[in-house]
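This report refers to the structure that appears directly beneath it.
Each chain carries a letter (A, B, C, D and E) given by its place in the written order, and its residues are counted from 1.
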Amino acid sequence: MSRIGVFVCHCGLNIAKTIRVSELAEFASTLPDVVVARDYRFMCSTPGQEMIANDIKEHRLDRVIVTACSPLMHEHTFRKVIEKAGLNQYLLTIVNIREQVSWVTSDIEEGTAKAKALLNGAVYRARLLSPLSSRVIDVNSDVMVVGGGIAGIQAALELANTGKKVYLVEKNSTIGGHMAQFDKTFPTLDCSACILTPKMDAVLQHPNITLMTYCEVSEVKGFVGNFDIKIRQKARYVNHDRCNACLACTEKCPGKGIAEWDEGLVKRKAIHIPFPQAVPQKPVIDREHCTFFLKGKCRLCEKVCEHKAIDFEQEDTFTEIKVGAVIVATGYNLMDTKPLVQYGYGKYPGVYSALEVERLFNSAGPTAGKVTMRDGKEPQAIAILHCIGSRDKNNYEHCSRVCCMYSLKFAHLFKEKTSADVYQFYIDIRAAGKGYEEFYNRIIEEDVKFIRGKVARVAESSDEPGRLIVEAEDTITGKFVKLPVDMVVLSPAMIPREDSKDIGRLFNLSTDKYGFFMERHPKLAPLATMSEGIFIAGVCQSPKDIPDTVAQANGAAAEALTIVSREKMELEATTAMVNPASCCGCQNCVRVCPYGAPSFNYEKGVSEINEALCKGCGLCASVCPTSAIIARHFTNEQVLAEIEGLMEF
Amino acid sequence: MLKKISINKISELAAALMDKGLLLAPVKEISGYNFVEIKDPKQVDLDFHNTIASPKAAFFPHKEDFIKYETGKPIDTASVVALNLPPAFLFGARPCDVKSFEIMDIHFNASGIVDPFWKQRRETAVIFGYAFDLEKPAQPEEFYQTLGIGAADPEGSDVFMVKKGGDLLLNSVTPKGEKILAELKVLNEGKAADKKYYEEYIKKGKEYKTRSMCLEPGAITKKLEDLFYNTDFWTRVSSACISCGVCTFVCPTCYCFDICDDTLFAQGIRRRVWDACMFTDFTLEASGHNPRTHVYQRLRQKINHKYSYHVRKYGVISCVGCGRCTKHCPVNIDIYSLIEDAMKA
Amino acid sequence: MSQAVTPYLEMSQAIIEAGGEALKKCYQCGTCSGTCPWTPITHFNIRKLVRYGQLGFDGIEDFMWGCSTCKFCVDRCPRGVEIIDIVTAIRNVYSGGGMLPQSLRAFVGSLSARGNPWSGDQAKRNDWAKEKYPLYNKEMEYLFWTCCTVCYDPRNTRLARATAELLNQAALSWGIPSTDVNCCGESVRKVGDLELFERLKNVNLNYFQTNSVAKMITVSPHCLVTFKKEYGADYNIAHFSEVLASLIKEEKLKPKKDFGGIKVTYHDPCYLGRHSGIYDAPRDVIKSLPGVELVEMERNREQSMCCGGGGGGLWMEKLKGERLSDLRVEEALATGANVLATACPYCITMFEDSIRTLNVDDKIVVKDVTELFLESMEINIDEPVGDVCEIV
Amino acid sequence: MTDFRQIENNLKKEAKRLLEAGEVAVVLAYGRGYDEKHPMPFAAKAIAHVESLVFNEYCNFNMARYLMRYPWGTKIAIAAKAADSRAIIQLVQEEKVRREDLVIMGIPAYGMKNQKTNEVIDSKTTGGLYNPVIYDILLGEEIHGQKIISPYEVLAEYEAMDKEERWAFWKKEFDKCIRCYACRKACPMCYCDPCFIDQNKPRWADKAPQSPGNMMYHLTRFHHLAGRCIDCGECSRACPVDIPLYLFHKKVAKECEEMFGQAAGMKLEDKPALVDFRVEDSDKILE
Amino acid sequence: MSFEPKILGIACNWCTYTGADLAGTTRLHYPQNLRVVRVMCSSRINPSFIFRAFQLGADGVLVGGCHPGDCHYNTGNLYARRRLAVTKKILEFAGLEPGRFRVEWISASEGNKFAEVVQEFTAQIKELGPQQKLKIEQLQEKA
């Protein structure tokens, strides 16, 4: 049997005007298990609070019901009161008879009757309340940033400048990401390297940033404030401590491999740095194309290296890193357009993908900035094709946002560097950023021809061998256009990295059907994710240009700070738990929980809930067919009892 | 005394009985017959072989309320439910079912253990036994001959009925039967020829053939005791069983029940409801331990209870061979073949 | 008269109700018109047709008959618009008002009166068989569904006989439908006469039910697609090239004659390729022929160019220079092939016309894959035969 | 009509082969009962058992309900008719059994009979499919050419009833219930142990077999099977008092299919309807 | 005197309950037949609560949750939408008047919508009259 104390508040006249409070208190005392029932003018005032505390001690109460204003107002106040009086703070129920009764009716009969019913429900519920205690965990103050593109670099610098220790993990042998491949950036035509390399250098020099290039995340354990992440350091076969970047080895090396950095336009040595301003500016050996690894002899680089930095026996190493928060900024790839046979990419040498053209323009690129085709000639007519794979239900339904703008940039650079006629085949020109429309007008004035119609086919010209024919309908005139050109530039769909689903699985991030990471709330929390303590920034969330990416990186850094700036963190007490005796192993809870709190223990065949991840929403308790999951403070028995109590009078 | 009435006048007999009290008689339903409380005399239908559920519900209903109380009130305010039922007429009970009441009396009516509800129902009720139709062959599931029950044994019934062509002969067996037959004006006197036909019918009933094997209670008990630890046998015979409890609910000699409290707001009723040893939580203890979690343990318990423990304790097999458990088992487990297997194992 | 037009939305609503639901999804990007083989050679423009349908502008009548339902645009449409359904819906709405072009009136009239588009006599449907082949009954495994074109069109009756011979060679249990069946109704549905299509369909469905037909073989991809998609029952139906390919694989049928190193190119019929996804079976049959080199045209498999026969095209008059089949024959000649193989009676008819008008019948000849294989088994089915049935 | 003899021989042949090759530890199929008309679910573990395998028009048992009796990872061969194959897919979706542990012997069957009433089972009481939706081996000839009749047509009569009439109908039916729980045990999808009705904390429904308790038990069970019931009709066949449970399950299955666009147990990659959501589910389903 | 229905309201703490409080602070009057139970999310509502509520004599049940997409736990109400839709269809097919069970998405700022919905729902229930079907009269089934 429980000993319940009921305390009815007048709230001055707010409640007493339309509810007979003394009659309510009198009614309360008649209910079973109610030991003391009082009413007082201001329960939340200090004398009111003392009255409750005294009654708890005097009548050895084990449940307290306060019939007053909304729990959203004073639940915390009264919890502190009963806690000070030695009663567990969760053995309290608030009955809301002000906002939901006295203020919404003028009929005192109706008000009092409803108050009685609500009170009766509260008594039924109070009997079944059980004491709960909330756990406190400490928070690790370091942060890890995954992905060394402009987003990762920006976030790492922001966090490091606040004094936090940052681990920047990059899969490639250099940071910089796709931005480092560009020559110019729209709309200001800034040289991409000039605005990026200072930041890359700052990252290298910054005392708080540990730069981990040629590394991959292999395992993630733990939860918010206490992640421990296993990083795999891929074998570089070059000891970066000894190497002083004299790059003598790169001249001598006979090995030939496809230069990923130059999008495969040229070859590069087996031991190489991707581009001159690479950070760190130290080479790595690519196993697949190193003649020593292939045939067992050569080792020319070792002979040449004065500092004995070459080490063929190097193995992949693993390091465990503890951090409090993680920012994922893994960036994007461009879609491989070879399957779209109608555009002939990979079949006709004159067809280029956007990143290849970026490398053509780049002075550190394969053609040192000169626009020459694969056969060495300068193109006389160039067609730039928009929406290749984007805005297309059969490939990627989204618009990649940046292709219109970089196509205009290409048009400008082509006009500047060659004497070619430039055509743009588009559906809509989307120039919606600051200064973008002005840039579009400037390009029109540079006599670039715009044809409104999505290209249907690129074919070899039968009468001019070596040239290409672009077929499309100019929907403005309705004419079928056959345009002979030398070079075709495709702007492929911007899609997440191919391993984004694996990264998602590691960090418990759900991805949309293409692999972009799902933000917690599209409008109000675009950088947070469903996993507490994991944030996202940049194109890995959805296609965007550099200004938006940098803005998101700063935002993600701020959100990470909200976690790591605290030493301690209090966990919710009203979390859910599983009674293993009743669990039938249907795994409904594991499937529905947005936070991944429940996990299935295959040996025991029952689910278990990680209370650190549980937010207490109770969804798992309602999908559990055998009521094995107890949603603390809102258990099935408590809710059923409250309903029964409400329906009695 | 022997009375007679023509079959197509049965509804008049039913109407007469309904005036005297509660009439339970077989009524045609979707996939068979059942004893139902008759509301309209025309419902009664006697050309059935046997009902789906046994007539035990007449004396041992699915739910019996014992005590009414109010939560929070002192104990003496609780009241025992007084049972004052009108006399019930169980019309058309087959000989094997009537025999089952005798076995159930051991538990509910024997000296020392008396269930007042069963006792009052049994005493006020009048049982109209009804012989099987000897022309028609027995159903494949039935094996009451093995248990020594004849197709036309009048023992246990107050009035025993036999079908003679288009007529129904009603012969009184007990004083209660005499009294009721006398009161029923709608019946007309039976002739000597009817009496002779009745006696012959009873005698012929003894030789009526059903599935049978020589089953001496001691032998099967001994066999089952040896078989207790032979889990291969029990796993094999119970591999199809889905432990649903239909067999125990249709069986005339299963009497296990559960006591529970159903409450609504402050009112509460303590009541008895049927339970089944085949239910997974039948032997679930408060500690969470459950001695019989596997299907084969539960099936072994059911068979042993009827053919081994009951014999050792009361000297009679607690089964009348009506075959209902075989007929209505969703997976067609046959108790007769099981016993045969056991005898051979 | 003034150039201004006002949208007449009741018309587009009628088109949507007639099955053109996808009208709303099109954002006029021009991929379909760029892809459509007709755009470069005729004034027909599928994008403009959908646009007129969206806003209900008048003037749609003069270019709504150009589409031959080859499904190239549907496969490429970035918005996944079911363009063929829109074309069918537009034609249904307008043909209701008697807008049918002159060349199609005879074809629709013959269908509603005689149950076949070739004005052939209904009773003479099986004359091509000359009682040599059995009628289908319940015990038989396969129903060999004979499309009207192979029943009545003289050139294509040869295809029917070739198939029948091969079925016998493979000793399958099969039979041909009695004369109370009629056209599967594919072309008339695509021409927009949905009511007539329902009538034809029910006649055939009734025949299938009464004879409890389970498995079917057809030589016409048009019947194949219609039975699978529009007949509302799950028939196990296969194109004969698939059956032939598997028979060859299981070595139940073996080619004998060596063709002596001729070059054969294969044209993917739209209804066999894009509509049904069958590309390899006919090629396997050709590859199994000794002394034959299969050369591929530049536009093949999913990119194959339509012969122009679909969607009622077979019966429409096309101006010279506006015929796809001519372009396709030229493309075949460009590969240096001397045989243009295909697997659809419609394509055979169109190519025969083109070869005659381009008078290149000495350089190239069109053959069905079945005829080729029959030839390789050295079975002659060309007795001196008169005109099979009088075209009334 | 289906050739039962041919399927039985194939069943024996396949079972023997699988057991000999040691590919599976147990073959779940149908065995001889006490007479011809009453076969039994049967688990053949050794070659000797293969002899008593049988298949006739009364083998309506849904063998999928026995899959969970074997420890996780046991290799099992299972005979699966159309509805049973859907049950297997649903159980794989709910990870109660792994697809790679199963060898599914598909049985296309037409003209199966209900044991109690001897009527031919058709789409009225089941999902109306004849060919198994998924199988590794096919024991008989696929059935084609049948007119496709929607299994939900039988509901039209009950949906047309007005709500008073329908309430009276269901109250009469549920009052007959004697709480023997055969429907729960016959159902392949009801594998929860303990079931919600067996519990006292919380006490969801009265124990007494009368209207309030029965109604609560059945309504909650219908909800627990929403989007999961594969319409095999086993619950109605197992019910000793013949409550037409298949009707209510069919109605819920029909509503779920209309609202969520997926039928239970049709595709391996689907997620069960009520543990999944689509942002574009329309709010109209709540009117 | 006229029939006063007993209506059970189950409100999600973050949106509908806050909306109800807002209706109170803006002093919007509405009939007092609604008795509200507060739960953390509309997805906490187990359909068996609804069946049990009708058995305990509720004449109407009103469930309030956040608008889809605004749920504090992001996907809670999307699951709830499906589960409550199935509950509604089950009750309707069993024969309960469809008007007795209603689900409304009411956000924290829609105080007036809360008041309107309660007003409209109470009137509708009054018109439907007392709910006799699922209600447990008394524990003793009429013998």
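By definition in this document, contacts are C-beta pairs under 8 Å (C-beta built on N, C-alpha and C of every residue); 3 or more make two chains touch, one makes a residue touch a chain.
These numbers come from a predicted model, not from an experiment.
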Margin query: Need the central chain here, defined by C-alpha centroid distance to the all-chain C-alpha centroid.
Written below: D
Checklist line | Chain pair with more C-beta contacts, A-B versus A-C | finding: A-C
Check: Measuring between mean CA coordinates, which chain is farthest from subunit A?
Finding: B
Next item on the list: Provide the C-alpha centroid distance between subunit C and subunit D, rounded to the nearest whole angstrom.
Entry: 44
Next item on the list: List the centre-to-centre spacing of subunit C and subunit E in whole Å, with centres computed as mean CA coordinates.
Entry: 59
Check: Distance from the CA centroid of subunit B to that of subunit C, rounded to the nearest Å?
Finding: 73
Next item on the list: Send over the residues of subunit C in touch with two or more other chains.
Entry: none
Checklist line | Junction residues of subunit D, two or more chains touched | finding: 193-194, 196, 204, 206, 208, 210, 274-276
Next item on the list: Note the residues in subunit E that touch 2 or more other chains, in rising order.
Entry: 47, 52, 56, 75, 79, 83, 136, 139, 141
Notebook entry, point to check: If you go through all the chains, which pairs of them touch?
Noted result: A-B, A-C, A-D, A-E, B-D, B-E, C-D, D-E
Next item on the list: Flag every residue of subunit A that touches subunit C in the complex, lowest number first.
Entry: 341-342, 387, 391-395, 427, 452-457, 471-475, 478, 480, 482
Next item on the list: Name, in rising order, each residue of subunit A that touches subunit D in their complex.
Entry: 582, 584-588, 591-592, 600, 602, 605, 623, 625-627, 635-637, 640
Margin query: With touch defined as at the start, can you tell me which subunit D residues reach subunit A in the complex?
Written below: 72, 94-96, 191-196, 199, 201-202, 204, 224, 271-272, 274-276
Notebook entry, point to check: In their shared complex, at which residues does subunit D touch subunit E?
Noted result: 158-159, 163-171, 196, 204-206, 208, 210-212, 215-216, 219-220, 222-223, 226-227, 248, 251-252, 255-256, 259-260, 273-279, 281, 283, 285-286
Next item on the list: Quick one: which bits of subunit D touch subunit B in the complex? Just the residue numbers, please.
Entry: 31, 33-35, 38-43, 61, 65, 115-117, 178-182, 184-186, 193-194, 198, 206-210, 213, 234, 237-238, 240-242
